[in-house]
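Each of the two complexes below includes subunit A, the first together with subunit B, the second together with subunit C.
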Partner chain A sequence: MSGALLSADQLGRWYGQVVGLSDLTLSLERGVTGLVGPNGAGKSTFLKLVAGEIRPSRGTLEVLGLKPFANAELFRRAGFCPQQEALYEDMTGLEVVRFLMRLHGFSAAEATRRANEALDRVGLGDARKRRVGGYSKGMRQRAKIAQAIAHGPELVVADEPFNGLDPVGRAEMTALFAQAGREGMSVLVSTHVLHEVEALTHEIVLFHRGRLLAQGPVGQVRQLLSRHPRRVELRAREPRRLARALVELDFVLSVRVGPADGRIDVETFELERFFEALTRIAAETRAGVTSLESHDASLEAVFDYLVA
Partner chain B sequence: MLNFLRTTWLLYRTHLVRTLRARRMWLVAFGVALAPAIAWVVAQSPRTIRGLDVLTALGFLLTINVMAPLASVIVGAAVLGEELEDRTITYLLTRPISRPAILVGRWLASATVLVALFAASAALLGWVAGGFPPPSNEKYVIPPGLTGALVGASALAVLTYSALFSTLGVFFKHPMIVGLGYAFTIEGFLANLPGKNQALTIQYYVRCFLASQHPQAWAGVEDVVPREPLDAAQAVRWLLGIALVALAIGAWALRRKQYELTA
Partner chain C sequence: MKAATHTEIYRPFRDALAPSRWAFWPLYRAQMAIATKRKLPLFILFFGPAMTGIVVSFLAYLQFQIEESGSGGPLISGGGLVAQFASQLLEVHKLIIAAMKTVRFFAVLAMAWYGAGLICDDRRAGAHLLYFSRPLTRFDYMLAHFATAFTFGCCAVLGPGLLICLVATFNSPDFIFLTEKWPVIVATIGYSLVFVTALSALILAVSALSKRKSYALAAVFGVFMSTLALGGAMSALMRERQWWMLSLASHFERVADWWLGASRSFHRWDPWWSVAVLGGLTLVSFAIVAWRVRRMEVVA
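The block that comes next holds the complex of A and B.
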């Protein structure tokens, strides 16, 4: 299958006075695409628009050539895994997925077969007859994914599907989405953790404060990010001694010692090398490092760099 | 149309099971059981009490006047409110189904349970009241068909109220609060004011249904009998009409309604 998966033109969505998404114009091809951005970036709003759950406030959006809101034709061809943990608590995993498959028009037998197959695929086969109310957060995520893929859609829209999953679960679900992509299913998946997307796809879309920041292969976007120095905040009992040693490093751009609290602000182009060197220098100088915080640990900082 | 019917049936079956499992149903069942339970307690009294008075007083004041709107608010508000509160409505709104069927199917399931509970309660009340010692004056004998009328009136009342309160769930984030406000101010206050304003309430038509069939039997209960009651058939048409119009408005609005759910 080829052709545009979706296209948005000056797409905007407000919640009263709050801007959820602003002036978004983009086109996505079929395949697996990652939506990346910090909390509040507009990813969920965009995915709710794509899934046809809400209407745009302005602009146009077409998914699989269809206007999404309340569009039964699109709902037949797409599956949506929402961000909220909610599921029918009093039903078993199997009952939930089977019920939702029945709403797709499948016969009772076919709905049961598809529900079982999807639950097996997400690793919930053993828990299918347990009440959802007793599921862990990770199991709920798996059940949500199961109901999104069980009808064999062309497109799966998954909003933060890795939340609440343990590392093994994350790896399994990443593999599942990647496999779905190889089988010809298009996947639109959002996360605020960049490396989760990297394991899944090279195509990413970056959101920040309701706007599109960048779109393209991870490498290109990373290159864009690498032109910006990363900031690290340290606290040490002997800040000046530590700062003298750090400033000698060729990949350190600047070192600034704060007026109090033993605080040192460091800017570096290579975060990983800096951390490696810091361990050694801290031991050699006996500067007594008491805290270490990288502002780049969260994507918020990365996006701050991009919009600065 | 086929999609609508099919989806309505599916949602009806699923919601029926879930409604029976829901905790709120225990509360409703308790409230509905009060009238026959009180009648039974009264029957144990050594004092001479007329079965007709017990049937009409409890049947009207407790079942029709209080429990029918109250239970309908609790159950009706949950028709869509439960899905919104639990944030599961996303799963329904992103399926290739007829959206009005969500309201209709779930309301039908709730109404089935309410009608069954209220009909059983009214029938039980009639049976307990019928077991009281026979009165010396024939005027106070429970007339044949009175219990049946009470069963019908209870069923019609909860059918209409639940349709109205289910529809409130389409428009309001907290339909139970709005429903309770309506039940107390309109149904509890306006229905008991003298004058033609009573006709703006559901209670009025339920009372017409009761009073038009056995006017003498209800004479002992203050304010039950409207001055110029409609006949029973007219009252039924009005009540079913109100229910249908309420549902139609709700179903129409739900077709294009969007819900902004938070994570």
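The block that comes next holds the complex of A and C.
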């Protein structure tokens, strides 16, 4: 499925004097997109705007071609997993999801069937008849995800869905969202656990202090950060010989030889040219390069560069 | 058995779901289901209204037996206290007024217990985020919560009233209570609905303004009991009955006396004042609820 998932134009949302989101203009394609940013960055505000929970203070927003606020048609095509607890403690997991499906307009039998299916998918099949009050934090998160996917939406908006999940649970939910994305469901996930976003998708939207800081594939975003040189970590049997040759390159900013392990840290603004040159120099100097890594293309590094 | 895997997640719903005109119904049912899960509070809170209904119905039954069988009838042949008491309560509407006055505090207790947490607990847990991302309007949301408080109020007030009317109807000769005294039944229903509607709206408004159920519960009782105490105190100090107009309970009492045709009412003011006060209270309460529900998106 192709086409714009959502488009925002000068979108803003204030809570009285507090700016939740300011002057956001972006367009997202269908697929899995990760929303990252520190606390108070505006992720939850943006997701609530997308889910139609709150209305924009200014600007326009269209999700699946529809204005989201209080739009029943969109609500049938989208599922929302909020960050808050949100579930009634005295109901069982099955009752919660079933009653929320009834709010969508499904018949009792269909609502029950969908609730059961969704709870199975999130791994709550055995606990479906237990009270939500007796659920662990992770189980509650799973129940919230179940209610968001049970009606078969085109878009799932999940606000910090990995909070409270143990590592196994996180991996399972990451896999679930990734698979949903592969099967054609669009997923918009916010999290501050960066490596989970990386495991899920390379498409990110980065917020900071209510503003859009970056958008796109992580690698491409990193390339745009030209004021930060790329860092490359090398290991060689003859590190000093290799370092002498590397420092001669005009696009290499710095070379630092480590005290042990034959480690060399290189900073350069032109990573591709550096790799081309390195192949040649390694062969000429016979320095014996044993490893080559570039850590700062990771989402975490990009995040640090952008937010710091 | 044929092997199969069920790993698919995304199965989009292809059919069309008709927009429901009764979108509040599933939420109402869920609220009722939650409220009735714990049986002990249910038993404690409705024991009073149930006993009142049963006792007063029995008195109504006795009254008709007295009228039918005369002073030598089997039920009162033993004479004594029951016969004396029953013969003093000559008319069913007086019994209903007595019942209404008795159950009102139980009704406030039950309605406040089940209604005080409806909106504030939703807001605290963020449950409204799940509702408002579904085809449920703010109006449906308010309606569902109102209906929940209203239902418990009806069980506490209308239930005993109708039970008395039912007993009177089936024990009156040729159902004469139904054919001749039907205005009493209408007035009982009318008064109950006014009481329950006004109180439900007040409780929801307090819930919408409170952070926790316990605060809302205290506030509802605060409003009801403090106005009663204030009215009583001012009336005693100033030696003027009109000060009872400060009391919410007195306004309900005045309306009950008026509609159910009490020959003497403790409160002497024009009953339309009470109607105006209760109507105004209801409207203001609904306005507060609407405002707070709308603000839920701000604090979401």
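In the analysis below, the second predicted complex is superposed on the first by the 222 of 308 C-alpha atoms of A that agree within 3 Å, B and C clash if a C-alpha of one lies under 4 Å from a C-alpha of the other, contacts with A are read in each partner's own complex, and residues count from 1 in each chain.
As a convention for this text, contacts are C-beta pairs under 8 Å (C-beta built on N, C-alpha and C of every residue); 3 or more make two chains touch, one makes a residue touch a chain.
Since this is a predicted model, take the numbers as computed values, not measurements.
Enquirer: Looking at the combined model built on subunit A, do subunit B and subunit C fit side by side or clash?
Expert: clash
Enquirer: Can A:A86 be said to touch subunit B (first), subunit C (second), both, or neither?
Expert: Both partners, subunit B and subunit C.
Enquirer: Who does A:A8 touch here: subunit B (first), subunit C (second), both, or neither?
Expert: Neither partner.
Enquirer: Please indicate which partner A:M173 is in contact with in the superposed arrangement: first for subunit B, second for subunit C, both, or neither.
Expert: Neither partner.
Enquirer: Of the two partner chains, subunit B (first) and subunit C (second), which one does A:I54 touch, if any: first, second, both, or neither?
Expert: Touch partners of A:I54: subunit B and subunit C.
Enquirer: In the superposed arrangement, does A:I149 touch subunit B (first), subunit C (second), both or neither?
Expert: In the superposition, A:I149 contacts subunit C only.
Enquirer: When both complexes are superposed, which of subunit B and subunit C contacts more residues belonging to subunit A?
Expert: If we count touched residues of subunit A for both partners, the winner is C.
Enquirer: Which partner does A:R121 reach: the first (subunit B), the second (subunit C), both, or neither?
Expert: second
Enquirer: Quick one: classify A:V205 as touching subunit B (first), subunit C (second), both or neither.
Expert: Neither partner.
Enquirer: Tell me which of 42-50, 60-68 or 168-176 in subunit C produces the clash with subunit B after alignment on chain A.
Expert: For subunit C, the listed stretch overlapping subunit B after superposition is 42-50.
Enquirer: Would you tell me the residues on subunit A in contact with subunit B in one complex that are also in contact with subunit C in the other?
Expert: 15, 51-55, 70, 72, 75-76, 78, 80, 82-84, 86-88, 90-91, 99-100, 102-105, 147
Enquirer: Which stretch or stretches of subunit C touch subunit A in the complex?
Expert: By the definition above, subunit C touches subunit A via 6-13, 17-20, 23, 26-27, 29-30, 33-34, 37-38, 125-127, 129-138, 297-298, 300.
Enquirer: Which residues of subunit A touch subunit B in their complex?
Expert: Residue positions touching the partner: 15, 44, 51-55, 69-70, 72-73, 75-76, 78, 80, 82-84, 86-91, 99-100, 102-105, 147, 160.
Enquirer: Note which residues of subunit B are touching subunit A in the complex, please.
Expert: Where subunit B meets subunit A, its residues are 3, 6-7, 10, 14, 18, 21-22, 86-88, 90-97, 99, 255-256, 258-263.
Enquirer: Would you pull the subunit A residues touching subunit C in the complex into a rising list?
Expert: 15-16, 48, 51-55, 70, 72, 75-76, 78-80, 82-88, 90-91, 95, 99-100, 102-106, 120-121, 147, 149, 151-154, 176, 179-180, 183-185
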